[in-house]
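As structure tokens, here come the structures.
What follows is a pair of complexes built around subunit A, which joins subunit B in one and subunit C in the other.
Our next item is the complex of A and B:
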């Protein structure tokens, strides 16, 4: 019916290279999440602040991150800024693009979580003599992170999958980039990308499962 | 001493306090009664500076609460307040709920804060719940925890804002017993309450608030036995 001979051996000997790529993929995703969560907390605080310009910056960021393609965001971080003479390596551009996206989505999740925490919680903290920052840090923030823990896990999965967009800005050390290069070398397209797909699946499954275990350890209340 | 001088407070167009004057001496227990919307709870949140006032003055040990130069975080250390909704911190154990402020606000060492917290929790009858999370506690237990949490800061004054109003009837008694115990120990307290028997037993003076005005204040025997203001008479007749 169709004339294609599977040649898995050619691909399996190159599996170590792909696994190295998977490590880079995870590195980008983890970094983008750590920085993204930090930025999302800052965006959330800016949105709560009384200052109009600060609110506008936060709202603008969130709007762009959530309403434009991730590919556009990564492109802008590489070729867009290059127009102004700012040049980043593909790794840095990809990291900036995904982090920008993460921060926007997470800030929106945090806003929803904040709405679920009664105002009286901060008030109780303030009435015990805490400053506004202390009340936020010790009372609001931990509850906010708990409520948005599952959405954060989702975003982490997205971050892993978004790394595949790095090839468009010349990234070739991550899982998808390595796979693409190997494909150019061997033309074993189906086998290579099928294995890449399995590796992506295993990574994201591992993340969701470990998140569930962490949640049950962390949130005992 | 808490001195409240001609305090006016509005929420938008609505004036909720219309010139309140009240002095509470050290060691005194004053209860505030009155219908809802009479401004009693607002007065408490003004005393610890959670709410700004429009005019007048509130002095706590001579410090003007609403003066710009006043460090409210510092002032609030000596004014404990417990709300109708106890506001337990759900992510912390009972012990952590009580040690949080002493550690982070007063900079106390963990062991010292825990010793104080354990003593306060024992005091309110929660010595066996130290490691429980608030969600495992009844409303009355959570409210007693909130009282211990305020007491752990070693305040000079305690403000109680309808602390039994949100409780199931069978849990009211245990919280009132705790308040009574505090009063007997000489704590200076202002209690906003709907519990008339409690007001009669515990307070040195009872104030009746009506539509933002303190219509009447006096010894409990006088307020409950021989109310002078027609609104006080009307209110007491309606709650009896």
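Our next item is the complex of A and C:
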């Protein structure tokens, strides 16, 4: 039994607030991807480096990021570090949590992409007089990013959806946080979350479609 | 054949009529169970004892209601934001969940007359230097998302134009954040503040004074259209007070001056 009358006008007047929230959600996701990709490249390099401790750091990061819930990672970035006296705002905690997660998953994507590039290419570069760094930077890295481009958009979609976990650390300016706030105020749960769901869907669909268009333009053979 | 069709039609008609006439109150009595939405993260109104059994003012109140109805009570734990979805999706019959009866919310659910009233208190981290409600200005403050005090405090922070408001999902998270210094002060019901400071789980915090918000009257809630049930709830609340049970429960769980539940110069 579902005894409820939908009153859309009660929530449509609050749509601008939710759209503001959607912008914050995008902001967190984009930032977490930019930093996440950078960190993932560093993790990949650490893994390739011969040094054992560096390798262990990278492996540890990737293992934790991939094998624990994102909720745990975000919670740790807020309440966990606070027990050592380090205080981050909800925004920063959420950003750190998602970035940590992104970096771990993306590093794993990059590893898969690297496997698809024959290592004879790096050797060919070296034989042309490039340094190891040059060979990686000019030959391997661009191909790696190209191969893992679509998996990266997947991660971007994940990042968008993960922002909804920010409410657990007191975030109330992102789309989900704003929706929760409005829900507490009006008790119009079903309309509000239906709208939030549609906004999430539109954002992620927009990202996957535009990624596909960009990919077809950029990566023509 | 014709007889069979007629009988079938008759059975169907009475069946439908039966469903249409039974209201929610009948459904509860017929099912033999009263399912109450209770927030169990909100001592002393709702919490769990060492054996994980739900206890508290709201739990006792639900049990009393079930007893009056002659049915068994079933406590359904619902965090604050999930009270309404639980009701609307039919997981609970009635909310005994310290729910503030705001006009905005009353557009969605039906409220009984108030069954409890809260005063608001400021609890601060001792390092913050906050000594009163007004000295919270410019500081990072927070409360449990979706509560009366959270809505009022967020409004106040916006009015002050400085400082920051952060809602957390549970009362435990708020006091954890306060104890860690993530929050410098919080506004909560004074009963909850006292109960949490007393546990000793959250070192470095203390109750520093009252918050000048309106008295937070909380009511039982049910589906807005279920007048039969809402009428019963109103009478039940009235009887709880009349028979002294309200005072008894207040003494048992909270103690101190019994809050009056009527508004001077008003009918309801």
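Assume the second predicted complex is superposed on the first by the 219 of 221 C-alpha atoms of A that agree within 3 Å, B and C clash if a C-alpha of one lies under 4 Å from a C-alpha of the other, contacts with A are read in each partner's own complex, and residues count from 1 in each chain.
Keep this in mind: contacts are C-beta pairs under 8 Å (C-beta built on N, C-alpha and C of every residue); 3 or more make two chains touch, one makes a residue touch a chain.
Quick caveat, the model's predicted, so the values are computed rather than measured.
In the overlay built on the shared chain, the residue A:128 is in contact with subunit B alone; subunit C does not reach it. Of the two partner chains placed by superposition, only subunit C is touched by A:79; subunit B is not.
When the two complexes are overlaid on their common chain A, residue A:185 makes contact with subunit C while staying clear of subunit B. The partner of subunit A that touches more of its residues, comparing subunit B with subunit C, is C. By the document's definition of touching, of the two partners only subunit C reaches A:87; subunit B does not. When the two complexes are overlaid on their common chain A, residue A:138 makes contact with subunit B while staying clear of subunit C.
Legend: residue contacts after superposition of the two complexes on their common chain; A:55 is shown touching neither subunit B nor subunit C. When the two complexes are overlaid on their common chain A, residue A:168 makes contact with subunit C while staying clear of subunit B. By the touch criterion defined above, A:17 reaches neither subunit B nor subunit C. Across the complex, subunit A meets subunit C through its residues 1-4, 7, 10, 78-79, 82-83, 85, 87, 89-90, 167-170, 172, 177, 180-181, 183-190. Contact residues on subunit C toward subunit A in their complex (touch as defined above): 80-81, 84-85, 88-90, 104-105, 107-109, 142, 145-147, 150-151, 154, 164-169, 173, 176-177, 180-182, 223, 225. Those residues of subunit B whose C-beta lies close enough to touch subunit A in the complex are 48, 50, 73-74, 76-77, 80-81, 83, 85, 87, 89-91, 100-101, 104-106, 133-135, 146, 149-150, 153. Interface residues of subunit A facing subunit B in the complex, by the touch rule stated above, are 118, 120-121, 123-131, 134, 138-139, 142-143, 146, 219-221.
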